[in-house]
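Following are the structures in question.
Here subunit A shows up in two complexes: once beside subunit B, once beside subunit C.
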Partner chain A sequence: MVARTTPHHDERRTAPPEGGPRPPGAGLHGRVVSRIPLRLRRLGLPYMLILPAILLELLIHVVPMLVGVGMSFLRLTQLYIRNWTAAPFAGLSNYQVAVNFDSAVGASLLHSFFVTVVFTILAVGMSWLFGTAGAVLMQGAFRGRGLLRTLFLVPYALPVYAGVITWSFMLQRDTGLVNHVLVDQLHLFGGDRPFWLIGGNSFAAVVIVAVWKSWPFAFLILMAGLQNIDKDLYEASAIDGAGWWRQLRSVTLPMLRPVNQVLILVLFLWTFNDFNTPYVLFGNAAPQEADLISVHIYQSSFITWNFGSGSAMSVLLLLFLLLVTAVYLVATSRRKSDA
Partner chain B sequence: MHEPRWLPWARWFGLGFLALFTLIPIYVMISSSVKPLRDVQNGFSWIPTTFTLRPFADIWKTVPLGTYFVNSLIVASISAVASVAVAIFAAYAVSRYRFPGRRVFTVTVLSTQMFPGILFLLPLFMIFVNLGNVTGVELYGSRLGLIITYLTFSLPFAIWMLVGYFDSIPRALDEAAKVDGSGPLGALFRVVIPAAVPGIVAVTIYAFMTAWGEVLFASVMTDDNTRTLAVGLRGYATLNDVYWNQVMAASLVVSIPVVVGFLLLQRYLVQGLTAGAVK
Partner chain C sequence: MRIGKNVGYIAVAGALLAAASACGGEDTNAGGGGASNSAEAVTLTYWASNQGPSVDADKQILQPELDKFQQQTGIKVNVEVVPWADLLNRILAATTSGKGPDVVNIGNTWSASLQATGAFLPMDDTVLTGLGGKERFLGPSLAAAGAAGKPPVGVPIYGMTYGLYYNKKMFADAGIDKPPATWDELVADGKKLTKDGKWGLAVEGASVSENSHHAFIFGQQHGGDLFDASGKPQFDSPQNVAAIKQYLDLMAVHKIVNPSNAEYANGTEAVQDFVNGKAGMLMWQSIASNIKAAGVNEADFGLAPIPLPDPSSGGRQVNGMVAGINLSVFNYTKNKDAALKFVKFMTSPEEQKILNKTYGSLPTVTDGYDDPAFQTENIKAFQQILATTAAPLPQVPEESQFETLVGTAMNQLWADAASGKPITDATVKAKLTQANQQVQPGS
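So, the complex of A and B:
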């Protein structure tokens, strides 16, 4: 799409001819407006329409982002929170502390980063797999299809905290469903009830809850993607003797490629940045094994009230995400043009 | 597509697994909310042995759930309506005009959706606190601060979805309105908006859901009087004895408005959410 400088439509009718009849209520304001050259007004209209959105984006997204970058260069400790202009310049020291992996702060940040990388790979992979399996198996007509489709979307519609808090009840050691099924009913773990929300199991717990919450989104997008595939392609490949698997590999998955390109990127960013799942699941004390990066930065900022170092960590996180996104887009687009 | 003979079995097994995975937490939420406290504390049971609606009465007393509910309702409704109002104008401009900066605008707005929330949290906290000190407009701890924040959070998707709906309305209808003497805004209000009502309602529900479910900013930007459900629900868990039956009852009660809204408008929401991704 090429941006053009003139709008598609002729709005000459918006300006009543000079001296002609005016709509009621067009007083001084109307007269002033109509003196502005028509061309200029026509050009200006789209900008007037997007202005409120731009102002809000500036106030809540763009300015805070720039302020955040600025804060990362300040020694912004508790003393200066209410009077930040007095905070001393810190140069790169916030960054040096964050990436000094011999120090406690840097080492725990690095640990949290690796935990988050593994968490994201597992959660995105499983969400995509579940979404794809669900969408592919939903193709064709069978009884209860509409009902099932609606049910699958419920975790997506549920407020995050309501769903995750239910999981935290299910994962309780003594009163939860998970140990009831695994220990009481299946007699696993030799009768010992494992902890799920502290220790090593907490990592598995947070992955499963994240998948539960995000696979319906993958399902939703892939269902729509499947509906857009030309049915003739299946007819043609069937005539060529392709079976179900062959069609899945040679028609369905290649045709879903553009959808998957966007879907996996979105899932990756949402999962990597996920704050709600670990925060609601573990409360204020996230276990070491499931110390995801958003909660890590949040806790290190609000426990120490050192916003300078918290901002430096956030900026590093952003740089990492931008790098991954750029590499991902270049890599997936190149492969697409090779094909 | 020709279905092999094993496909119905694979379907039964695969979809059955996904259905169980999806529904077990919902079943736990509902079945535990009608158990007395003694039953949820004595270990899990699939079938409630004693049925009681007491938890649904008690949830309002254990924590000030009513206050949280009203706060969430105010914040989510105002921010949803305001967000959609702002998005309608922006989406109309993007859908009907080609102007320099159009692409930059849409790409920038959409990409902010992808940035980590934690990146905005600290600066926004600082801006709100210091703005209060300088101007006396207390945004920190106030509903207004939360409303502005949430309204902006739902803006990118609201614009994106509305552009999709508006694009599907034939331009010939706008032209007809203009021939009848309406300006571009007249065409928007008399033709485009009435034709997009289902889409606009769906987007409003989406914006409401976004605000209703937000946790991170709610946990930092609110005080005792303005606390929303997202934070308030954790109040049950900080007590010495966790009243899990009440937690489940409260989760159920706070979920009903959004789940019902979502399911009623499912068709329009799904259409709007997926339009951009599959194009």
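So, the complex of A and C:
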């Protein structure tokens, strides 16, 4: 519409080469906007385009995060939640309580942290392994490949709550499918039905459910990554006499490195922060052996109504994840430039 | 170029519009909280707790009563039934934002904790007189509506306490002619009932609230208090340790509780086991609606008081807690008069009879009992326990922390007992000490 009513404007503007001298007086009968130098307008456009996204990002993510940081310096208990600007300033005391590992609060937070670290290493490691194995095995065309690919993606497509609740039914001691298969059909454990939702096995249970839930994502991403590897590389290596294993190690995995770099980071962050899986599986009081940190912090703040303390723990978690992410990115990028 | 720039402007404008309309939306919501102040068209918002078998069932139970209220007063009430798992969080959110319902149901053990927030209208003598006077309400139930010496922050509408349900047929088959009156008898009866895949007693071992309620009741029986005179927590006192160990021993030592009960978490599984004849006894609040939903005959189940301690043991003669639901009014409401009219309606003898009959709970007003429905054996037994041997949970701001911390510690102890780990005074005390140290003072 603009182009149709004022065609000469556009002609004028596209006529001079970028950065070239402008004809004197060209902006005189233009509007104020056209006085802004062309280069600036060009530079500004991308920022204008992402401005809505930035504003919404600020509104949805950054502002609540900053509010959370602010809350961590307050003694925000049930006495002040009605008017939490009146909550007394607590300085660093919420942080001191959280990191005083001699106290019960700090010790349980540290315990929960270690449980979460081991959980994350196992869950991410296995998800990645299964995802890679699945993607590599599904690479060659064979009958039923489409069906299997679809089947593998089902856990990823399923709503988390529906999937995990089904697991919690399956893992019940007396009526669950898992014990029915293991004990009644396979006669393992000497006829003694193990618990999966309480006690030591609960850790294994939450790892298995987390892997079930997140490996399809690794599978999907790696499958996409594999499509981008040039077939010529495989042909060339085959001519050089490389077998399947050698191709995997020397062609597939190195070519997937950039994909893996992002994939493992994303899986790590999602798994470490995962609230849904443990919460749906165990409810708001997780067994000690499977006391993952996101539910632990929820319990420390929401259930005990101490929001300042919970915020401080969340900020510590955020700092830890930032640190790990930074170290990871620096380390993996350096390795890439070395190679 | 020009077109591209315009798209940029439009996008910015769109984003601002979206932000603005988001704010606008919030304001309209606030209106739902009771902005229409004109006398003709007052609309109240009411959050009801889930008392019946499901949220939908509750809606159907409450709606005819709310219609009746609208006919009488012209005040419309929009009800939302909030599941228990969400109720406290929703109340906290409403408290924080000052936006939410006008009237709300709360679990009475939260009274003092919520009182400390200042979110609820104090029901002082003037208000209570308007509701027909303090004397109308059952003493123990009203006492559980706030800290001692302060005006309550709500009035009780559904009363409840704990009793010992037993399966009459299973008792007869095992050759037991009456329910146990002492703890030794309960254990002996339980052993007789435990056979052929059936068990003496069902417990909800992974339910934080059930565990903490039992910790309180048995702690009282051993003469223990959860908080000392100055309000400091003492969950790990020798009396409380002995009380909780006695409860755990039902599974760990006497083996009359199915170890699987240690993972029962959702608050209905133990009741299911009992109603379906998998366990002979159950210490619970009213299970009338569960019995109805399961389609079994209520007369098959008897109700007795939970055994009291030997009077010479020094423990208190307590075998129940004053449980129940209170009705509170949010302080921020702009429809205070209408809200209090609604409270008066819900505590009127007629509504008390209708609702408590449906839910199998006890009327909380003395003039609600002249109905044959409340003259059944089970209701009379509950009434007797509530009136004589039930104690209220301590009304202190840290009460909700007690429920969470001790309840969670007991989840872990049940798990240990179920997997055959020894339950000793030392292991119980260690867990309770840890719970004790995690209490963060609320005031």
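In the analysis below, the second predicted complex is superposed on the first by the 287 of 339 C-alpha atoms of A that agree within 3 Å, B and C clash if a C-alpha of one lies under 4 Å from a C-alpha of the other, contacts with A are read in each partner's own complex, and residues count from 1 in each chain.
Keep in mind that, in the parts below, a residue touches a chain if its C-beta (ideal position, glycine included) is under 8 Å from a C-beta of that chain, and two chains touch if they have at least 3 such contacts.
Just so it is clear, the structure is predicted and the values come from calculations on it, not from any experiment.
A.B. asks: May I ask you to decide whether A:157 touches subunit B, subunit C, both, or neither, giving the answer as first, second, both or neither?
C.D. replies: In the superposition, A:157 touches subunit B alone.
A.B. asks: Output check: A:81 vs subunit B and subunit C. Expected answer is one of first, second, both, neither. What do you get?
C.D. replies: Once the two structures are laid over each other on A, A:81 reaches both partners.
A.B. asks: Once the structures are superposed on A, label A:134 by its partner contacts, choosing first (subunit B), second (subunit C), both or neither.
C.D. replies: A:134 sits against subunit B, while subunit C stays out of touch.
A.B. asks: Should A:49 be classified as contacting the first partner (subunit B), the second (subunit C), both, or neither?
C.D. replies: A:49 contacts both subunit B and subunit C.
A.B. asks: Name the contact category of A:310: first (subunit B only), second (subunit C only), both, or neither.
C.D. replies: In the superposition, A:310 contacts subunit B only.
A.B. asks: Could you look at A:299 and tell me whether it touches subunit B, subunit C, both or neither (first, second, both, neither)?
C.D. replies: Touch partner of A:299: subunit C, not subunit B.
A.B. asks: Going by the touch definition up top, name the partner, subunit B or subunit C, that contacts more of subunit A.
C.D. replies: Result: the larger residue contact count on subunit A belongs to B.
A.B. asks: With both complexes overlaid on chain A, does A:61 touch subunit B (first), subunit C (second), both or neither?
C.D. replies: Once the two structures are laid over each other on A, A:61 reaches subunit B alone.
A.B. asks: Touch test for A:278: subunit B only (first), subunit C only (second), both, or neither?
C.D. replies: neither
A.B. asks: Which of the two partners, first being subunit B and second being subunit C, lies in contact with A:174: first, second, both, or neither?
C.D. replies: In the superposed model, A:174 contacts both subunit B and subunit C.
A.B. asks: Once the two structures are superposed, pull the subunit A residues common to the subunit B and subunit C interfaces.
C.D. replies: Shared contact residues on subunit A (touching subunit B in one complex, subunit C in the other): 2-3, 9-10, 13-14, 45, 49, 52, 56, 59, 81-82, 84, 172, 174, 283, 302.
A.B. asks: Name, in rising order, each residue of subunit C that touches subunit A in their complex.
C.D. replies: By the definition above, subunit C touches subunit A via 1-9, 11-12, 14-16, 18-19, 89, 92, 95-96, 98, 113-114, 116-119, 206, 208, 258-260, 262-263, 265-266, 397, 400-401, 404-405, 407-408, 411-412, 414-416, 418-419, 433-434, 436-438, 440, 442-443.
A.B. asks: Can you check the complex and tell me which residues of subunit A touch subunit C?
C.D. replies: 2-3, 9-10, 13-14, 41-42, 45, 48-49, 51-52, 55-56, 59, 77-79, 81-82, 84, 97, 103-105, 108, 172-174, 193, 195, 197-200, 282-285, 287-288, 299, 302-306, 309
A.B. asks: Note which residues of subunit B are touching subunit A in the complex, please.
C.D. replies: By the definition above, subunit B touches subunit A via 1-4, 7-8, 10-11, 14-15, 18-19, 21-26, 28-29, 32, 40-45, 86-87, 89-90, 92-94, 96-103, 105, 108-109, 112, 114-127, 129-130, 133, 148-149, 151-153, 155, 159, 171, 174-175, 178, 181-184, 209, 212-213, 215-216, 219-220, 229-230, 233-234, 237, 244, 247-248, 251-252, 254-255, 258-259, 262-263, 266, 270, 273-274, 277-278.
A.B. asks: Could you please specify the touching residues of subunit A with respect to subunit B in the complex?
C.D. replies: Subunit A residues touching subunit B: 1-11, 13-14, 43, 45-47, 49-50, 52-54, 56-57, 59-65, 67-68, 71, 76, 81-84, 130, 133-134, 137-140, 142, 148, 150-163, 165-170, 172, 174-177, 179-180, 184, 212, 215-216, 220-221, 223-225, 228, 234, 238, 243-244, 247, 259, 262-263, 266, 269, 272-273, 275-276, 279-280, 283, 294, 297-298, 301-302, 307, 310-311, 314-315, 317-318, 321, 325.
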